[in-house]
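Next come the structures, one after another.
Both complexes below contain chain A, partnered by chain B and then by chain C.
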Partner chain A sequence: MSQDSVRVEKAALHTATPQSSLAAVMGSGVGRNLGLVVALIVLCVVGVATAGDNFASVDNLLTILRLASVIGVVSIGMTFVITAGHIDLSVGAIAALASVWCTTLATQTMAEDIHWIVMVGTALLVGVACGLVNGLLVAYGGIVSFIATLAMLASARGLAEIIADRRTQIVKVDGFADFFRADLIGIPMLVWMFALVSVIGWVLLNRTTFGRRTVAVGGNPEAARLAGINVRRHTVMIFGLVGLCCGIAAVMITARTTTGSSTHGTLWELDAIAAVVIGGTLLSGGRGTIVGTVLGVLIFTTLSNVFVQNDLSSSAQAVAKGLIIVVAVLLQQRLAGRSSHTT
Partner chain B sequence: MTDRPLLRMSGIVKEFPGVRALGGVDLDVRAGEVHCLLGQNGAGKSTLIKVLAGAHQPDEGTIVWDGEEISLGSPMAAIKAGIATIYQELDLVPHLSVAENVFLGHELSRGGLTQRQRTNNIVRDLLARLGHAEISPNRLVGDLSPAGQQVVSMARALSHDTRLLVLDEPSAVLDQGEVDNLFRVIRGLTAEGVAIVYISHRLEEIRAIGDRITVLKDGVTVATGLPVEETPTSRLIQLMTGRSIEYVFPERSAEQRDRGAPVLEVRGLAHAGVFRDVDLTVHAGEIVGLAGLVGAGRSEILETVYGARRASAGTVAVDGKPLRRGSVDRAVRAGIGLAPEERKSQGLLLDEAVFKNVTVSSMSRFARFGFLDRGAEQREAEALTTSLDVRPTGVTRAVRTLSGGNQQKIVLARWLMRECRVLLLDEPTRGVDVGARSEIYQLVRSLADRGVAVVVVSSEIEEVLGLADRVLVVREGAVVHESAATAIDEATVLDLVMEGKVPA
Partner chain C sequence: MSARPLPRRRGPLVGVAVAAVACLVLSACTSNEPEDSGDNETTASTVSSNDDTGDTVTIGFSGPAADHGWLAAINSSAQEAAEKYDDIELKFAEGTNDPSAQIAQVETFINDGVDAIVLLPTDGAALTETAIQAMEAGIPVINVDREFSSPFAARTTVLGDNYGMGVSAGTYACGLIEDNDISDPVIAEIAGIDALPLTQDRSQGFADALEACDQEVDRRVAAEFTVESGEEVAANLLQAEDKIDIIWNHDDDQGVGVKAAFDAAERDEFAFIGGAGSCNAMDWIEAGEMEATVIYPPTQAADGIKLARLIAQGKGLSDLVQVEVPKRVVLNAPVVSADNVAEYRDLCFDS
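Let's look at the complex of A and B:
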């Protein structure tokens, strides 16, 4: 033992000495986020350089934030699923279904009679219910999450189309639209909601038993199970949580557009996964970062804004997005590989 | 055997960021010999064979192969030179057939089409040469036993023109009969002039099969070319550890004193097709050992008691209260803890901090309304790991950075933290080096002395007899014998596990 521990200690001393290289810093969690911040600043500099005041105005900044907030809330939920070693392809479809359901004639009539909160409650309930179905299929049905949520993607959007009869449903409940479209201390309500969800998400992931279990389940499900964690129940809860996030996002998109539509949320799953992954959450599970996800969302939204300000096509935007994902993941792999090399 | 070296590695140095894995290793291997590589975990054996396999490039040193200096720039280069390596974790593709695995990467083909018939014939010959003609080339590798898969790996090595075969702990997954067969195969190969580099922790195997020994310690060769027959075991252990004894078992607590009420009671437990009718009673402070061959059902019994497998019949009760079948979290709540056989894949969150691994099963203790008190977690984990002498200290380091013995202590600390009543240990010293073993034994005994009921499963009969108070011998899914550990000797247990009866 003593011999062995001396060896390990020697090794530890080696690793503890400052490597003074960029790799060491970048390999750590803080360093990764720092890299994302730098990327974001670079984007902003490019924005100012090419679009000048059009980009740097307060109005434009708030526009970026407002756009980021809806997909941001979804991405926070996605961070949890991915950290737990799963994937959820149905987020956009669930949001569409929730937005349609909370704007049906029946719901809106009831909301006018009682309170607009009924619409919010409906959206959240639909979101959570869909999430729980996903979770039950994955945890107890033994269907891999990719397939289970793919099925949900198809059927939730289909159901949304049936309910809405493929028509756009206008929000007539004034209280609802007024509340969520209002500003609070000069900042849009949607942005506040995103901030709140992010903070709660961070605390949940980093400071609670729920978050610890999520990381454990994603890092090594078998070890988590044998340590006494109820992996199945936890998986169901995680998908329920994503569903809740989709419900919130549905409320936000419904308020922002004052419509409920089965076309809301198209391709959100890809945007959310992209933001989560460039944020530094491991796609294989076991490591998640809320701060990274928030930065990832901001990077993508700012990027589109810079493109729009410069009158560039959305196709060029898509190409740039793809490049960023590849470069970000390549960089992360290099750094992770260098910092965790052992015998 | 000739005296001219087939392979001569000298002054091999390999550094990883922050770690000097090899600090000057010499190794020479002759054609037709079995050269054993000995060393504790972390001595550099794995790194050395990866250099030999072309998977790592050395920073310094030379490799002379068949009289010429060569560089092994890639695994393919090593294979082309005639060096094949069979790793502990077999690198086979489970959903491909035996033949497809053997020729993976160098498929026989004509005009882009694989030649199935010719491939199968060659593979059939290779398997026959290895003494396993009964394995069909068309079977899926995933359906084979670990021993069968190992044979496929060896066939793959021989499908190249291999002159040096590296075997990394080949016996770890084998039972005694399979080990005998492995030795037969090895002898056949050496007779054809193939050199073998054989890595094993089991000294008796080295005695049985080895010709010469090289000992590594802390990344350096401390002795090379020792003749097996003339080197006493004590000398080898001294070279590996710097000390001269292997390991000692702790004193048993006071003579079979009248123990209190039983803590763990298992009645008629069965798992269809694996084991049946298992009765097991463990009292507070008692260590019960389960001896038996790999595959006899020992691990399955533990996992079923723990609820990780669903029993088909029988009951498990802790302190008189029956448990629900097939529910791990109920078992944990009732006070059972398991240190699983595959520590890395089943027991630990390797990339997580030590303290998180220690508290993972008792998180509710540190949580208020779901919020974790990380300060308290770290303090208590610190106190516990210090008392267990986990080294290096520091509860925020990743568990991956600890040695096998210290990782096992982390698993035990988890259940200590939980204050469990019953502790199930599956192969508690697998992958734990010789020096750390006695520490683990000491720890298990002290847990029992604190009133924990312990069940130990081990393939090493010596370990079961040395550690346990009472021994149950398991053979083909049934308990065939039960007695006090002091009332039975190793040879008798061996007879029981092989034959199922005590010799006349």
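Let's look at the complex of A and C:
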């Protein structure tokens, strides 16, 4: 960009009416995230106003972050798959299967003999394997992702029930629970994991070829193919990545509840999709934002917390959640309509 | 919680027991549909020789697939009850969650001409017609846990008491408040799936019992009977109150998650009361990590088998003046605490 045009733009900003400059800012990626930040701040203000010190405490902040961590990691994975123009309905079921598999008597016995890392490895392997199956079905089997992952949703949870015999499997390996339930510099390990996954996710999507290919494939698969991207292989990798996120989430939920269970991860797919969509990722693919997804997850988790703080029913909470989704998406459409910017 | 001196909890429990018996007797007396006292009813003996070997009777049992700990316990305790008697020949149908498969099982029992059928329906309404067929064929049907939609479908109904669970938990909580002299206690409730009638019954019972000692629920959250949801709502609940005196959690299955949240937050200043009576809960009670749990008995089908035997042999309940087996038995929901956990240990189920 030449210096002249920079000057022209600056001049334009100065001369523009306040209203249109606001629209320009709001239309950009920063603006969309700013909208979410404002929403989150409003929620927090409501929380402080209604619940006071109980809400504003460090303990409560860490609780919100800890509860957001598990679904947050899943949502990061979901952001990639949605950006690539697909959907994954099987995230919760895969996490359930991974949590059950890594807490079977056999796995736990092996973990006690060798190291608790065996349990982590098992969960990640199961997650990635399921993700790759999804990816192969979509990319090479030609099955629409909605259907392929719907099939995985059913069969992964069924397999989890068979393996666990529908019982709750309690984690008896002390090292595992001690490590993941501990605090590091005063912050729960689960929150560190969420932060790490988010940062890696952001770099991967915004600063690597992998990320740019993901956006290209989601935006226009045919154009991406003509541009020399191996769309099929990339699709398989994306689903493998989601599977990995599910495996990580399975480790986290197993640590959080100290159990593996086929009932873990119920309706995670909807929570993750909701967080991704209000975050500003296009459901049709071609645009994704990790920061938006993280904010989306935090908004929903904070909402639950504020509702419990005020002793309101879970039914009222569900209504509020629905309203937030509609308002957020309507707002985004308005903003996107006013601006030609995409990120 | 572990440091709290263990209070003696006899008084209110006796009250609940009396109420339950009264309820049992009342319902036995008031449900007097004439159509039900059909031809197959015989005069019954009232002596307490009920356990003596009598005429050999064939009893058909059909229940849902044992897809969680409580139902698995239902099946095993039914089989154990039947094995105790030389005069019971039990036909045990493979558990199924498909109503049409269960209908077929009951029809087979009718064709075989069994003496009584014990039925825990996958869906009470769906099995009602078939149960009526059996009754019309002269085979008494004992309905367990999930009620039929017609009073003509069962000779006797054995039910757990969800409202009573709430009452037991609330009464126990009142006792704790009184014994420990807690002024202005903070009482929290972690319910199960809120849309289910059984959850509403439990909550209503809890609220009613608390009202009796001028208390009310200060915080109420609802989970989904899963470990994960239990952990989440409990974590949020703990943040809402700095200090809680009593927490009643409806279900010991989700209780595993609730307990994980307590441990993560390092909070144990409250009396933690559970529900259902899983082995985990009893372990915690023995270890002093849980105050008590309210039983929702998984022995209902075993009671059904025993009643079926009495009905088929033409006997009554020897401890009642009435000569026939009651029409409706609502089981008590006792509180298990450190005082009596040894007694109930054998009745627990793996969640």
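Rule of thumb we're sticking to: the second predicted complex is superposed on the first by the 318 of 343 C-alpha atoms of A that agree within 3 Å, B and C clash if a C-alpha of one lies under 4 Å from a C-alpha of the other, contacts with A are read in each partner's own complex, and residues count from 1 in each chain.
By definition in this document, contacts are C-beta pairs under 8 Å (C-beta built on N, C-alpha and C of every residue); 3 or more make two chains touch, one makes a residue touch a chain.
Note that the coordinates shown come from a computational prediction; the quantities given were computed from them, not determined experimentally.
Legend: residue contacts after superposition of the two complexes on their common chain; A:G286 is shown touching chain B, with no touch to chain C.
Legend: residue contacts after superposition of the two complexes on their common chain; A:N54 is shown touching chain C, with no touch to chain B. Of the two partner chains placed around the shared chain by superposition, chain C is the only one that A:T263 touches, whereas chain B remains out of contact. Within the superposed three-chain model, A:S313 lies in touch with chain C and out of touch with chain B [touch as defined at top]. Number of chain A residues touched is higher for B, counting chain B against chain C. In the superposition on chain A, A:T208 makes contact with chain B only, not with chain C. In the superposed pair of complexes, A:I253 makes contact with chain C only, with no contact to chain B.
Within the superposed three-chain model, A:Q333 lies out of touch with both chain B and chain C [touch as defined at top]. Judged by the touch definition given at the top, the superposed model places A:N230 against chain B, while chain C stays out of reach.
Contact residues of chain B toward chain A in the complex are 16-21, 40-42, 44, 46-47, 217-218, 241-242, 306, 308, 328-329, 331-333, 338, 340, 345-352, 356, 360-361, 363-364, 367, 370-372, 374, 389, 391-392, 397, 400-403, 405-406, 414, 433, 435-436, 438-439. Within the complex formed with chain C, the residues of chain A that make contact are 51, 54-55, 57, 59-60, 63, 66-67, 161, 166-168, 170, 181, 253, 256-259, 261, 263-266, 304-305, 308-309, 311, 313-315.
On chain C, the positions that touch chain A within their shared complex are 67-69, 194, 218-222, 224-233, 235-242, 253, 256-257, 260, 263-265, 280, 350-351. If you check the complex, the residues on chain A that touch chain B are 1-5, 7-9, 11-12, 14-15, 17, 19, 203, 207-210, 212-213, 215-216, 219-220, 222-230, 286-287, 338-343.
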